[in-house]
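Consider the two complexes below, in which chain A is the common component and chain B and chain C are the respective partners.
== the complex of A and B ==
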């Protein structure tokens, strides 16, 4: 374990920021935390988490896939990618860190998505342990321990000290870079903080959420449940839940006429939208009921069916706090509980 | 598969055949004049015109055709309107092949085969029919039951007359929805015609057509005594990536682009009814 006085935190950021692009949660004017590229004067947000998840760094909201130049009947295909720079993502919470491994199961499965892969290879993830989880948090339901977050480097802040532990070769490299500022020690302080955090976690209102019976075995029973009509009644199909969700990974591919050619890009899409599955001959998900059902079936049933029981949710609680009609995965899971018992 | 799967290759359209008032068959080769890639019967490819759109189409030519690929495409949206308006020599983009295929080298090998198609549903089955015709010794009797709204809506009509009907051991049964002048063949919907024809119960059956036709055909086959494990179909849903990542063509936990498009009906039974 390494340690650093918080008074020197900006020196650490400056040191890392000199050699690599460093991103960290910073409060905006409205007091909302968002990842920003570090520059002198920025301070680490004290918010529990960023409004948007950290998935942008690996699966950006929009990105260019391919460019085309057209002349007469001919087309030229151009790969628009430039070299990916190394970057460090500082202050990622345990829930978002787990979301990367869920996204990996989609984007790194054969055939590998090389756009995503390149960012994963060039990014170093520095996670920060939670000490004051909120009532919307339920990461422990998914076996995530926010007192011991995964990542290339795990950090803890206790009183006036930052403690850091490298978990991977990338993490070792980062701590080697930061070595001039670091000293040894802190195991006891971290262990004490972890014990305190874990006792809070056990008392969170959603800590005992049960997902028993979810997963592939219950696919038809859950799909055919008559609960979906009532659950989806209030959904306005705004897609906010998919937008803030760290594991939602559906995308659209669109073309844009640049005046000089055509740029094909991909952007986040949402299964909550009516035209997501609309085809020339019709739409298999005609009403919000079907679209709402798809989102939760995907996270609680389809994804685990394809990934050895792992759910497509990390319990970050963003959908709980952001849904304009107060509908969320916790209410869905509770409502469906009776269906599979 | 090319790991840069979202970056397409260039395809050159070398021939356009007008099949019906709303179906054309496009012949496509790569920039080097050869086939853009190899495929198996039932697999699909993403075709696009940059700036217009990109969509998934079944490859209607047989893999045994070593010179080019063909796509029979119905005019029904932005991209297909554009494709129907283009001229020979036009370049388009192509990527693939995507999805699984009819098990022509395993479950279907050595079997009597019945192909049942409605309208443009013949397009994916034509790939299998011509594959099986090219490797005739590997399969038993072949029966093609094909119907469309009218005579002029029969896709591949000339090829059916000139080649399929001329083959020994291939029975072709055509039907159209309503009586018309110059047609002395069968009149009526495909599902009823299948029941009248009573295909051999030992056969494996491959069905493709409009959802309603598939539904009634399957019901009819069951009445005749066929089981769902004998009947295959090919599905289509909206797709963007073609590799199971963009998240929209799923039926339950299966992605039509990657785990399909070919399914046996007993496999579909295990999935939610959402297609």
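== the complex of A and C ==
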């Protein structure tokens, strides 16, 4: 375990920021946390989590895939990518850290998504342990321990000290870079903080959320449940839940007419939208009921059915706090629980 | 009030006067109340609530509900009645199929507002008189009601119901609010400052469409932004120009019809003060065409869809300081 006095935190950021692009949560104009590229004068946000999740760094909201340039009868195909720079993502919470492994299962499976892969390879993830979880947090239901977050480096902030531990070769490299500022020690302080955090975690109102019966075994039963009509009745189909979610992974590919060619880009899509997976005959999910069902079936049933029981949710609570009508995955899971008993 | 509402709803359901009730349903936590349709006394008893967290405006749901068989009972707060009345003026709701009950409101807060005020780990929250007591994972805290209300309620324009079939409790008055103060501030900025202000705000937009989808004035069957054939369909803003355009087009499209219910700003996950765009239009309409409040009178003609000889000429832009 390495440690650093918080007074020197900015020196640490400056040191890392000199060598690599460093991103960290800072407070935005509306007082909420957002990842920004570090520059002198920025301070780490005290918020528990960012509104937008850390998936942005690997799976950005919009991304150019390929350019086609037309000249007469010839078409030039241009890869718009430039060399991906190395970057460090500081202050990622345990839930978002787990979301990367869920996204990996989608984007790194054959055929590998090289856009995503390149960002994953160039990013170093520095996580920060949570000490004050919210009532909306239910990461522990998925076996995530916010007191011992994953990532290349794990950090804890206790009183006036930052504690750091490397978990991977990338993490070792980062701590070697920061070595001039770090000193040894802190195991006891970290252990004490972890014990305190875990006692709060045990008291979280959603800590005992049961997902028994979810997953592939009851697929049709859940699909056909008459609960969906009631659950989706207030949903306005906005897609907020999908855009703030760290594990939502659907995208659309669109062409933009540049005048002398085509720019093909992808952007986040949402199963809540009327044109999601639209084909020649229209959207296969005719009403909001089917679209709404898709989001939750994907996370609680289809994803685990295809991925050895791993759910497509990390319990970050973002959809709980941001849905305009207060509908969310917890309410859905509780309503469906009775269906499979 | 909640008990009175449940009793009323039960009575109307039982007599067959209405077939369903549009109201609010209790959630997991104190604050995550959701709009819901109730069809039986049991459902009402189980989860119907009316408390300080019933901020969502139910009017827009009536577009679909009023097309169902039979009558729908809806509970409307004063500001919701403006939306209801405006939707009626636009022929979006089948009036005969709605039984509207006006209910009083002292301002509604929500989980996000409480969190913004520093309440974290909220386990329960009650309001007695004007004091909120919030029980959290990290201890109990209290706050005055006025300190935990969102902007739209602090600047409430009216406690008076514009339209209803029946009223529970007392009707209030149209209020003298300070809702245009911030617009005036923005007007006093230089164009560059104002541009910087709006770029700062709109650059946070994630194009989730919550503002549009919740808006009672946004009722197009298919929005241009969802229509590939329109040429401007977007799922994500490709650049800052598109980011601005979405909001400016939307503000123009609801100009003269926006009742200033404040739902757009309530639902925005990025806390973008969208109401300021709409209020600028409302203020301009008041100044250029005479005082007009959308949703006040379903039979009144909106200045923007009505022609009179006294209408402002386009040159007004320059008189008001616009660039030639």
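Note that in this section the second predicted complex is superposed on the first by the 337 of 341 C-alpha atoms of A that agree within 3 Å, B and C clash if a C-alpha of one lies under 4 Å from a C-alpha of the other, contacts with A are read in each partner's own complex, and residues count from 1 in each chain.
Here is the rule we use: a residue touches a chain if its C-beta (ideal position, glycine included) is under 8 Å from a C-beta of that chain, and two chains touch if they have at least 3 such contacts.
In this text, all values refer to a predicted model and were calculated from it rather than measured experimentally.
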Room on chain A for both chain B and chain C (clash or fit): fit
Arrangement angle, chain B at one end, chain C at the other, chain A at the vertex (C-alpha, nearest 10°): 90
Touching partner for A:252 - first (chain B), second (chain C), both, neither: both
Contacts of A:269 with chain B and chain C, given as first, second, both or neither: both
Which superposed partner A:48 touches (first chain B, second chain C, both, neither): second
Which of chain B and chain C A:68 touches, first, second, both or neither: first
A:134 touches, of chain B and chain C: first, second, both or neither? second
First, second, both or neither for A:280, with chain B first and chain C second: first
Superposition-derived minimum Cα distance between chain C and chain B (Å): 9
Footprint overlap on chain A, where chain B in one structure and chain C in the other make contact: 252, 269
Residues on chain A engaged by chain B in the complex (per definition of touch): 65-66, 68, 70, 73-75, 77, 79, 106-107, 109-115, 216, 219-220, 223-224, 249-253, 255, 257, 261-262, 264, 266, 269, 271, 276-281, 284-285, 290, 294, 297-298, 301-303, 305-306
Chain C to chain A touching residues, read off their complex: 27-29, 31-37, 56, 61, 111-112, 115-116, 120-123, 136-138, 200-201, 204, 206-210, 212-214, 222, 226, 228, 235-238, 263, 266-267, 269-272
Residue ranges of chain B touching chain A (in the complex, touch as defined): 1-10, 50-54, 76-77, 80, 87, 89-93, 210, 236-238, 240-241, 243-250, 252-253, 270-272, 274-275
Residues of chain A touching chain C in the complex: 28-32, 34, 48, 51-52, 61-62, 132-136, 200, 203-206, 233-234, 236-240, 243-244, 252, 254, 256, 265, 267-270, 273-275, 320-322, 324-328, 330-331, 334
